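Consider the two complexes below, in which chain A is the common component and chain B and chain C are the respective partners.
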Partner chain A sequence: MSDDNHLKNNPNSSGPSRRAVLAGGTALTASLFAPKFLQAADFPTAEVNTTGLAVTDDTVTIGILHSITGTMAISETGSVQAEKLAIDQINAQGGILGRKIEYIQEDGASDWPTFAEKARKLLVNDKVASVMGCWTSASRKAVLPVFEQNNGFLYYPTFYEGLEQSPNVIYTGQEATQQIIAGLDWVVRERGAESFYLLGSDYIWPRTSNKIARKHIEDFLGLKVVGEEYYPLGHTQFNSVINKIRLRKPDVIYAIVVGGSNVAFYKQLKAAGIDMTQEDPLLLTISVTEDEIRGIGGENIEGAYACMKYFQSLDNPNNIAFVKAFKEMWGEDMVIGDVTQAAYLGPWLWKAAVEKAGSFDVDKVREASPGIELQSAPEGYVRIHENHHLWSKTRVGKAQADGQYEVVFETAELVEPDPFPEGYQ
Partner chain B sequence: MTRTRFMRLDEWIGFAILALVIFVLLPAALDDFRLNLFGKYLTYAFVAIGLVLCWGAGGILSLGQGVFFGLGGYCMAMFLKLEASTPENTAIQSTPGIPDFMDWNQLTALPAWWEPFYSLPFTLLAVIMVPVLLAGFIGFAMFSRRVGGVYFAIITQAIAAIMTILIIGQQGFTGGVNGITDLRTLHGWDIRTNEAKTTLYFVNGVLLFACLFIAQYIRKSKLGRVLIAMRDQEDRVRFSGYDVANFKVFIFCVGAAMAGMGGAMFTLQVGFMSPTLVGIVPSIEMVIFCAVGGRLSILGAVYGALLVNWSKTVLSESFPELWLFGLGGLFIAVVMFFPNGLAGIYNDYVEPHIKALFGRGKPERSDEVAAPAVETPPSGGPAQPTARPAAQIPPAGTPAQ
Partner chain C sequence: MFADYSMSELGAIFAMQGFAGLILFSVFVLMALGLAIIFGQMGVINMAHGEFMILGAYVTYLISNLFADYMPALFSGYFFLAMILAFIAAGLLGMIVEWLMIRHLYKRPLDTLLATWGLSLILQQVYRSVFGAREVGVTIPDWMMGSVYLTDLVEVPINGIFVMVLALTISLAVYFMMFRSSWGRQVRAVTQNRVMAGAVGIDTGWTDRMTFGIGCGVAGVAGAAFTMIGSTGPTSGQLYIVDTFLVVVFGGAASLLGTIASAFTISQAQSIMEFFLSGSMAKVLTLLVVVGILMIRPQGLFSLKLRK
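== the complex of A and B ==
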């Protein structure tokens, strides 16, 4: 196994965190309470805000920038809900540096120029102290120059292709190697897989992810890729690739199909008689969370494996409290996927960084961010790496007919984020 | 009997008011951020002016103007991207010196057809000529076969869809869904600063007026009258010995050139170009700008582009979850109650009062709206000199013959 090269240990996660803000537990807020409330009076506005951000004596304003209309709304709504939940919980504990968080929500409308326009509006006009936002890589790429030019601070929740490390972004989702390598190692070790068929939707994230997967399979594991194919976003005819899969008989179908195409893909796979519960071939995906299963239908994807860092079914006190609070706020029938959880981390990570820095100024928050840790994350302990990504565990879940995943594997240690992986370019 | 003067007094006044709005009022009233937004809206006005010529005057409804807008924008973006992709800026890549998205897609050398875009003069030429050549090709293929009206609209829409798929599919060469992003300088001039954006806004305004004058000139020339005749009675024009197809190709190319210019200005002011500006939805939106402004009025088109985009911004900022309904309501209201858009409202409700105010016995007709029935009676019947123009214009819903 070449795990050792990629799964670096988490050297030092013990000991109380610097401000001891994130210890202990309460029923509602997943063990997030401050031992002593920080009073605004201890932090005069003139001192915590030297750069003209929207901070008053009792409030601080942040931005929420997701698509709530258009094709991406279905995916991004969960992120908005999680961020609002986190903000409510933080406010219920007394806010940040004694200030309540207020938010200005803008709609990116699934349109990348609109994202750039709204990002500029939030930073230049509203002077927000930070922004929780974006989902697709395209929207992030569109806003990135805006954030760098105006020195804004973005918490980006989605697992993505890596190859990026902006001083103005904290990536709370996994970059590609964190999501791919441990999953491939698992399927080889536990299921003895030897041949892989890679397929995905045709854009940067699936292509980059499959590039990394192929390098890992061929160069590090010494195994075989028997096919690699891409389909346009929204493609719904997968019969030809399903025929090729039957012909070449790979041990593993490695699928990175996104959005509406997922529904067609899994239904057609089932209709073609490929029963995923038999694991012949086994299907491993990195693009289907609980949110997508709602559209696909649990019975159509039962038996498939997904490699994520978070599943709603995770059994730990943090997550149980988080799921409960989320459902109380947004309704019993809600499901929580990987990205939703990552979005939930954004406000908490920002709070911790601001409190460590003792300031809302972006430069100071940026400086304080590396090393920030959350004991209370629903996924378990996470910590911000110097490269602005999170140390987090990788997990493999098996899809159940009820639309949930059963966790079958998790890495023993936190996986180090590596947005520019050497040997995988 | 026909007026050949370039502009009447009231048209000069209309131009002057628009110039006042664009060059004085908006810059004085808005901060840098909002002014930049209006600069972005005005890039759509280029397309809308082209549509007034093609659709309002020529009767050619194109649902694919986004293609030309996008081509112009991509040409400019390629130049800016090459300038931004210096070996120093891209040192982290496997192949330094090529645009970042090429590196992500395992390209190891710059494709040959990107090379010319190192040159600014070539790029500026390409911004106009690439859309024009494509429009010329489509135009010749369609119009010489007498494909027109709804069929032409459908074909342009298909081209918009094809172009999007092509750009997304060839992501190693085009940046795919992400588009071409992170553009920085134009010949060493940082286009991201507020000063640069303000300068670009004024450059944009000047170019827009150049297009407006060209459009005005075309409409007032013999060519313009042939176009209107063609729109209303294509066969008569053909039987009179005109080559209808050539006129159509020409005006379609003019519209494409203007859209290309708009796209290039968009790239400069917004800082990136992506396939979301090329496809069917933006193309139809551009027709809506034109319809809201009044498809017969070039000034109306500019106001339409400004009004629709400004409402989009304001509504979505105030009601992030409901704004689309507001926008939809606006379109429905315009189409139902004001089929000639803002320009129609002006002609029907404002202009008579102004006339009354001055108490002049000016001619009834106004060719701010180039009312076809007055200039060339369509059915051979007598012109009705006292009827209001709006009543004589085909309803907006049935534009193409």
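== the complex of A and C ==
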């Protein structure tokens, strides 16, 4: 349905978004297949599906499992939109092994047991071939046993704390070291930072990330952490910590505040007269994407730096086409954050792996996954590592008043994912 | 721990920390006043209090967009209109809710807890459907951002001062309404003895509806003010509900003075401990102290003598 509408919006099939996608897809499969649509007849259902997945002669069904109600809906909406866009584009291009992708969407409702229950429903009742889903680490941990028990295959989009590597999950976001180390190195090299104040919301991701950051600052860079502090999720009063920051005078505030607290923190920082454009102190965060800035307000965070792998403002043909297609499908006023882009990679990575394996069977897809490359990713070239995470670049962006980031730095090479970093635990 | 700082720096920090505590106090008073009216005077446990606040925040958001689009010249003053409309919107919704739901449950206080919790879920989903799941950004007029320098080192955020003035104004308004007007006398009469109040000719049903409406209206104003310091999203109301109940219960449910005293105690304790300990520990200790005091004094700091 939305699929058809989307195509009608591009009157001719050479509409930019589609053309770019085709180009990307071609580059992607060039080394493996001749650049033509694959025909379902060449891949008999009995051969590509030996384990009873929901695959017919002309369709394959996958699951989308995110929160569209409850407190996490605010973050997960973008992921759902990106995944549907990718599915539409793949279908417009002829689908996977000649089969159109159909999806069953379930609502995790921001409740972790619900996630597990819905995951079981998708795998056991619907026999979906793969699942795009989850956002918080808590929801991933809740569905993990379900996926491992039923041999499902999950594409997980969020940057997270690492310390995990499941045969049944492909992590399309960054694990912690990919997001932290290059950013700290940059701020030390380019801005001569010497002292850091670590701040975060009180749960596993900020705590693990700050632990890695502290190790890197103290043991590897030989610099000083002058404060480390956590506030309960949903905390809305940051005046005391702002006073403490004033007192300790760090060169860098390293902030991993999330959710509603984020908005309160930046508004109060601004109101307290800490002008981030002066960079005294400089603020570096790994938890604010363009999505969050919509709630915070560009004028309240202007001048802060964020360390991510993707920014909407990235200037490359893949990304320009992606942003255009995303806005055509979901509206002009949409913004795209790091996780949204990572979610968009999920269906594409799955498609590439299925085509390489010549099968929808989970075991064969898993075997085919390491080494899968994506030339067409909006963030640029990415590749799946043996450890199921992605090789990708780390970038630093500077927040602008209009709510976008200006990219000021990117690593020259892809950064290797290292979910169990030695010397950082 | 103070050895690294000069005396003037320390003085400045203590002054600013004092202000931080006062701002937190004002925020608590604003959050809790509406609930104190409803919970204290009517005995209704309104779990949807946070959602009434967020209604006020969304009204502010709509008004700010309206002014930005059609009356940019008057933008710097939109906030006052927004607060009045937030009061009216939240108050009206409160009266409707009272009429549809609450008044059938006065004899079953525990059921109001469940019913209003359900109401809070419904309202959250309505906000999500109408305004989208993402948080919205409310543009605050320039003059309300930034801070005032009292000395070279001491800065006070303007929006903090604004919240303090607003808390004072609303507290005074509520005081005059409750203790200096005939309506307030009726409310107190109904609280103390509903049957007798009805017998002397007070329309208890109407009094209840007005009380509930005004409590919700005050919540709406608080929500409008909090767009300056917090987030505006479908579930943002949940951020305030625990602290709000904490303040009201600790203060002694039926006493407005108790609410203010309790807001002061909790905010000062929290802001001092936040400074010397970490944020999460400060919260834990605050809650421990409150639990301890409530064990010794279950009726809260102040209590009203009621005829049972």
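Heads up, the rule we're going with is that the second predicted complex is superposed on the first by the 391 of 425 C-alpha atoms of A that agree within 3 Å, B and C clash if a C-alpha of one lies under 4 Å from a C-alpha of the other, contacts with A are read in each partner's own complex, and residues count from 1 in each chain.
Just so it is clear, contacts are C-beta pairs under 8 Å (C-beta built on N, C-alpha and C of every residue); 3 or more make two chains touch, one makes a residue touch a chain.
All values derive from a computational prediction rather than experimental measurement.
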First (chain B), second (chain C), both or neither touched by A:Met329
neither
Can A:Ala92 be said to touch chain B (first), chain C (second), both, or neither?
neither
Figure out whether A:Thr208 sits in contact with chain B (first) or chain C (second), or with both, or with neither.
first
Would you sort A:Asp107 into first (chain B), second (chain C), both or neither based on which partner it touches?
first
Return first, second, both or neither, reflecting whether A:Thr69 touches chain B, chain C, both chains, or no partner chain.
both
Tell me the contact category for A:Pro232 with respect to chain B and chain C: first, second, both or neither.
both
Which of chain B and chain C A:Gly297 touches, first, second, both or neither
second
The intersection of the chain A residues contacting chain B with those contacting chain C is 68-69, 202, 232
So, in the complex, the side of chain B touching chain A is made of residues 31-33, 36-37, 40, 92, 94, 100-101, 104-106, 165, 168-169, 171, 176-179, 181-184, 192, 270-272, 274, 276-277, 313, 316-317, 320-321, 323-324
Hey, which residues of chain A end up touching chain C in the complex?
68-71, 73-74, 77, 202, 228-232, 234-237, 239-244, 246-247, 259-264, 267-268, 270-273, 291-292, 294-299
For the complex, which residues does chain C have touching chain A?
5, 9, 13, 16-17, 19-20, 23-24, 27, 125, 128, 132-139, 145-147, 155, 157-160, 226, 228-236, 238-240, 270-271, 274-275, 278-280, 282-283
Quick check on the complex: what are the chain A residues that touch chain B?
68-69, 105-107, 109, 111-114, 116-118, 120-121, 124-125, 136-138, 141-142, 144-146, 149, 161, 163, 202-204, 207-208, 211, 232-233, 420, 425
